[in-house]
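Below, each structure is written out as structure tokens.
Shared chain: chain A. Partners: chain B in the first complex, chain C in the second.
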Partner chain A sequence: MEKLRGNKTTIAIFILPAVCCYLSVAAFPLLCSAVLSFFNWDVAGLNDFVGLKNYMQLFTTDKIFQKAVVHTFAATLLCLAIQIPCAVFLAYLLTRLKRGRNFFKVAFFVPNMISTSAIGILWIFILHPEFGLVNALLRAVGLGQFAHVWLGESDTALVCVILAASWQYIGYHMIIYLCAMQNISSSILEAARIDGATSWQAFRKITFPLIAPILKIDTVLVATGSLRIFDMVFVMTGGGPNHASEVIASHMYTRSFKGMQFGYGSAMSVILMLLCIAVTVFLNMAFKRAEDKVE
Partner chain B sequence: MKKLTSLSLAVLLGISVVGCGSGAGSKGAEAETGSEPETVTASETDAGSQNADSEGTGEPVELSLMAWDGGTGEAAEVIMHEIIDEFNKEYEGRIRILPEYLPSEETKTKLPTLMAANSAPDMFMSWSAGYLEPYVTAGKVYSLQEALDSDPEWKGMFIDGIMDQVTYDGKICAVPTVLSTQVAYYNKEIYDRFDLPIPKTHEEYIEGLKVIRDSGEDIIPMAFGNSTAWPSASHSEILANRIGGNDPFDKALDGSGTWTDESFIKAATLLQEMVNEKLVPEGYAGMTPEEAVEQFKSGKAASFIWSSYCISNFEAEDSAIRDKTIIAKCPTVENGKGDENHWLGQADKCLVISERCENKEAAVTFLKYYTQTRYMQKMADAGTLTTIKAENLDMSNVGPIAGQIMQLHSDMTGLFVFYDVVLGSVVGNEYNNTVQGIMAGDDAQEAFENFQQFFEDNYNK
Partner chain C sequence: MKKIKIADLIKYLILLTATLIFVFPLVWVFYNSFKTNSELFANPWNLAQSLSLENYTYAWKQANIGRYFLNSVIVCSISLILCLILSSAAGYALTRLKWKLSDTVMMIFLVGMMIPIHSTLIPLFLMFSRMGIINSHLSLIIPYTVSGMPIAVFIMTGFLKSFPAEIEESAVIDGASMRTVFFHITLPIARPSIATVAIYTFVSMWNEMNYALVFLSDQRKMTVPIGLNAFKGQYSTNYVALFAAVMITILPSLIVFSVFNRQVIEGMTSGAVKG
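So, the complex of A and B:
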């Protein structure tokens, strides 16, 4: 085994298939997309090189794109604010649970196993203005004046979509935190209890610092996942009403596939990718600074 | 031995990957990939493609067709299946149609993708006017002018002027099979009960709706569902045409006028007033057009301004309003320049042959088979409006609602096409969104100023 590891050629040969696979399905299309974004490509095929025109248009005249960027960031912040605290809280509750932990673990994870389109349709019905669960509940308790056309009003559409998406993913993130918390040695927590620490103190001073590395990874996962959000928007509102829930990915889809402006769509995908990278780098830096501070 | 096994497995994998890739392609592509491994099947495929042109011998000509089927049991779709099956039976051994059935919305994504990759199906269904235009301009569509000219009898079957919508640079590029127009549906029972006349003008219409609203009964004055934006847009297009005639739109399109013309703004404002007056269901913004159809079909709504395509739904067994529906021309607007005999509509389900189709003659044969009177009669009997002249059809079996509309159509002096079809997908979609926004409370003047800007930035690009 030692001998095998030492042999660079052997390593290279064994890694080669995976690298080829990765390059052909991930890196190569990315590169193609980047190249395409400098062209005008429609149904007639590749037309002509237009340089930075697609990018210029995105940032100068395309008001919908600018709106979509704002919505995308709002969606990301909202996802971070909802999903991470909820997931940590649920995971913490589960670790305290003596019985039925597995049941709840599965129950919270189930939404993650259902396809997004099914969840989208489910939430469309829950939020339906006439026979939807939410409005029916509000009316039943005499709060009828707070009933809304949740997905049809520009103030509520995006928030509702994000809530539905969060409902889907909270279980997934909860599992990640649960694993992290279960890895904490019980002797540390026991020692703290003997020393007279309250549950809150134990959580703040022991559990939380010990799951911090996972928190960092998960924050990046949530952030990049929500920057790319598309499926839930597409199923629930299609970006409407009047672009109120338009995000970068849905705008990209509309322009590329409905408007047949593939070059323009590629430019958006490149920007989306750069955004994802930038956010990841930013988050990593922010966490690093926080870690340094603690140390 | 092991080496041999793995090698053969690798070859097998390679072949299957190549095979998957060419799945959407035509016969030619299949023959190419088939010829690589020297097997029995490969030589068969090769022989097939060589003999394809000579009829009767060897393999039949295969034609791929991307056809619309939403699975809703709409009459025209059911009959389409029948046509394809019977054609394949009748032309067995000579021509075989290989249909791919997709909901029309899905073809909006799939077709442009295939077109851009130069692997379009031999034939496909399409909308008219601006939707098909980019494909024609890109040289992806086979002109049917010659085929139609060489068969005057076939050409003469169609309604006068219907081909205008699929004519580009003087060449007819598609054969429309279905005609859909926007009409006003009224529930006769409700209108009689409130002693209301069938309205001639928008103002009369609104007055009637207010009476129904104030009655306190659980009746929806006008069925409406606008979660998808285009229902509000199509209604505004009728009103705008009734207010200003054809001119404002034509001028906005060629640049001599703008979208801030009074007719567009007033039309959208009239719709906004209908919302403020609660003449549409309260949750209309979150309801789909299909829900609106259901509102009227179930007898819960007094009126509905909508496409003629759902006549077959209203005439169906489970319809509560089969014998209670009055159809009328869409109301005019008082002091407007528009004419009630101008209809908003479009030639629909247009059959198109791709330029890259290898056997265009066979494809034309199929088009003629599809549009023959026998099948068009069947569609008419089921309540679908066809593009065939009414005199070619036997009206005795046509249903009660479809019969009315065919009568009304006989006065038609003009047909104007949905804006989003003319404007193309991006700009058209933005028009729809603009009107949707105004209905939800946006300022009409400001919204149309923004749309004018969008139009200037994006139209014809």
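So, the complex of A and C:
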């Protein structure tokens, strides 16, 4: 048995195809993009080594990139502030439900089944200045003066895109918290209730600490996901109006595949990757500190 | 007693409001997709005056949605099959065979879940251009197959680890080779986890638009998400036709979801919860 399980040919047949494909299509390109970022590489085949010039340019002269960085961070904070509280709240309500839990679970998850391009278009309709639901609703309740050209005004465009993205993902994160909360043994909560704890106390002292590990993972998930936000921006505004909703990934897309500046685009992709890693490390440290404090 | 009932009522009220927020936009697009443009502009709330499928036939013909569907089916099925073959074999090697580097390889796959798609776009674009496969379905099949692998390997190894290897061992004692065991025992046993992986992976490939946007510019080759986006660009003023086009593209996903919602939800969340 042991001999069979250690047979080199068998192992190679089973694992090598997967590993080779994986390394050549995922790991190798990752490395390439780091190397490319030090080159001035364009469609004409020009490829000079320029050192850190691409990075310097991004942080000194590229005003759109600097705007995009600010927008990306704003978007990330907004996503965290909207998606996580909503998801935790809905999941908590569902755990306290006697019937209908599955119905709500499925209903909230529906937007995750639809492609971002369909959702983006759907939200363009909802926010349409003339027949859109949002403006129609405002007019119906007599708040017509608050109607906006939501995606056409630079103050509202990015926020609207984030709302649409949150609409798509809240159900997903809710399911994650629901799983975590359902793993909590009901006898603990029952004991707390008998001892006279209010539901808020039970949530704060029992449910919340027990879902904290999942909260950490999910916060990282939301943060890194929103740092990379692209599809929704691309479909809904294309970064406009006048770069008001431009994020790092959309700027990278435009520069790389419309401007054919592959070295420059790679520099942005490297920055994006580093940002994701930095934020993950930072969040892990912040959570660790919070845990230590509680203990 | 009375108090508890009020609390319940509030709970259901909040949840129903949330349901309305998540589901009504889809219902709204559905019933508006039967209107004419002037009806839509006159009143976005009410139902269409007559039930005509004109918008649907227009969208189907003009947007070429049938073609996009065919492309998506081709790309996603081939990628899915390749992904399942490669990952189930890898999952088997990682849990049932004994070799030194297995932990390292597992680690590589897990880290892979974190790689942002944008970091591979440019190098793959340059690679595929050089290979001359840009603008072909192959340029999507390759990255789709690979990007589905980490989560597939993860779910399958998780399942196989929790499943005792005794049946397989006794088959080996009876003289079966490791390959026979894999095809005739392990794969059938792992069927539920393969189903979860398959449905989840298919849905994410079906909705993918980053790679498709960059690698395909020929309209006849486009998959559903970017085809829909191209239609939006061309017929941006014929709103009702766009409503119908959106409806056509999301209908298959909704049907799949109504049948397989348990598997989809399980597949989509298992990576996060256990990782």
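Criterion: the second predicted complex is superposed on the first by the 272 of 295 C-alpha atoms of A that agree within 3 Å, B and C clash if a C-alpha of one lies under 4 Å from a C-alpha of the other, contacts with A are read in each partner's own complex, and residues count from 1 in each chain.
Just so we're on the same page, contacts are C-beta pairs under 8 Å (C-beta built on N, C-alpha and C of every residue); 3 or more make two chains touch, one makes a residue touch a chain.
As the structure is a computational prediction, the values presented were derived from the model and not from experiment.
Peer 1: Between chain B (first) and chain C (second), which, if any, makes contact with A:Val294: first, second, both or neither?
Peer 2: neither
Peer 1: Using the touch definition from the top, say if A:Trp150 reaches chain B (first), chain C (second), both or neither.
Peer 2: It touches chain B, and chain C stays clear.
Peer 1: Looking at the overlay, does A:Val141 come into contact with chain B only (first), chain C only (second), both, or neither?
Peer 2: Neither partner.
Peer 1: Determine, under the contact definition given at the top, whether A:Leu272 touches first (chain B), second (chain C), both, or neither.
Peer 2: Second partner only.
Peer 1: Check whether chain B or chain C contacts more residues of chain A in the superposed model.
Peer 2: In the superposed model, C touches more residues of chain A.
Peer 1: Tell me the contact category for A:Leu127 with respect to chain B and chain C: first, second, both or neither.
Peer 2: Once the two structures are laid over each other on A, A:Leu127 reaches chain B alone.
Peer 1: A:Phe257 contacts which: chain B (first), chain C (second), both, neither?
Peer 2: So A:Phe257 meets both chain B and chain C here.
Peer 1: A:Ile194 contacts which: chain B (first), chain C (second), both, neither?
Peer 2: In the superposition, A:Ile194 touches no partner, neither chain B nor chain C.
Peer 1: Which holds for A:Val19: it touches chain B only (first), chain C only (second), both, or neither?
Peer 2: Second partner only.
Peer 1: By the touch definition above, which chain A residues appear in both interfaces, chain B in one complex and chain C in the other?
Peer 2: Dual-contact residues (chain A): 128, 130, 257, 262.
Peer 1: How about chain B: which of its residues touch chain A in the complex?
Peer 2: Residues 108-109, 112-113, 115-116, 118, 134-135, 137-140, 226-229, 281-287, 424-426, 429-430, 433-434, 436-437, 440, 442, 450, 454, 457 of chain B touch chain A in their complex.
Peer 1: In the complex, go through chain A and note every residue touching chain B.
Peer 2: Within the complex, chain A touches chain B at residues 41-45, 57, 61-64, 127-130, 149-154, 237-238, 240-243, 254-255, 257-262.
Peer 1: In the complex of these two chains, what residues of chain C are touching chain A?
Peer 2: Against chain A, chain C makes touches at 8, 11-12, 14-15, 18-19, 21-23, 25-26, 28-29, 32, 40-41, 44-45, 86-87, 89-90, 92-94, 96-99, 105, 108-109, 112, 114-127, 142-143, 145-147, 149, 153, 169, 172-173, 177-179, 182, 203, 206-207, 209-210, 213-214, 224-226, 228-229, 232, 239, 242-243, 246, 249-250, 253-254, 256-257, 261, 264-265, 268-269, 272-273, 275.
Peer 1: Could you please specify the touching residues of chain A with respect to chain C in the complex?
Peer 2: Counting only chain A, the residues touching chain C are 1-2, 4-8, 10-11, 13-15, 17-19, 21-23, 25-30, 32-33, 36, 90, 93-94, 96-98, 100, 104-118, 120-123, 125-126, 128, 130-133, 136, 167, 170-172, 175-176, 179-180, 214, 217-218, 221, 224, 228, 230-231, 234-235, 249, 252-253, 256-257, 262, 265-266, 269-270, 272-273, 276, 280.
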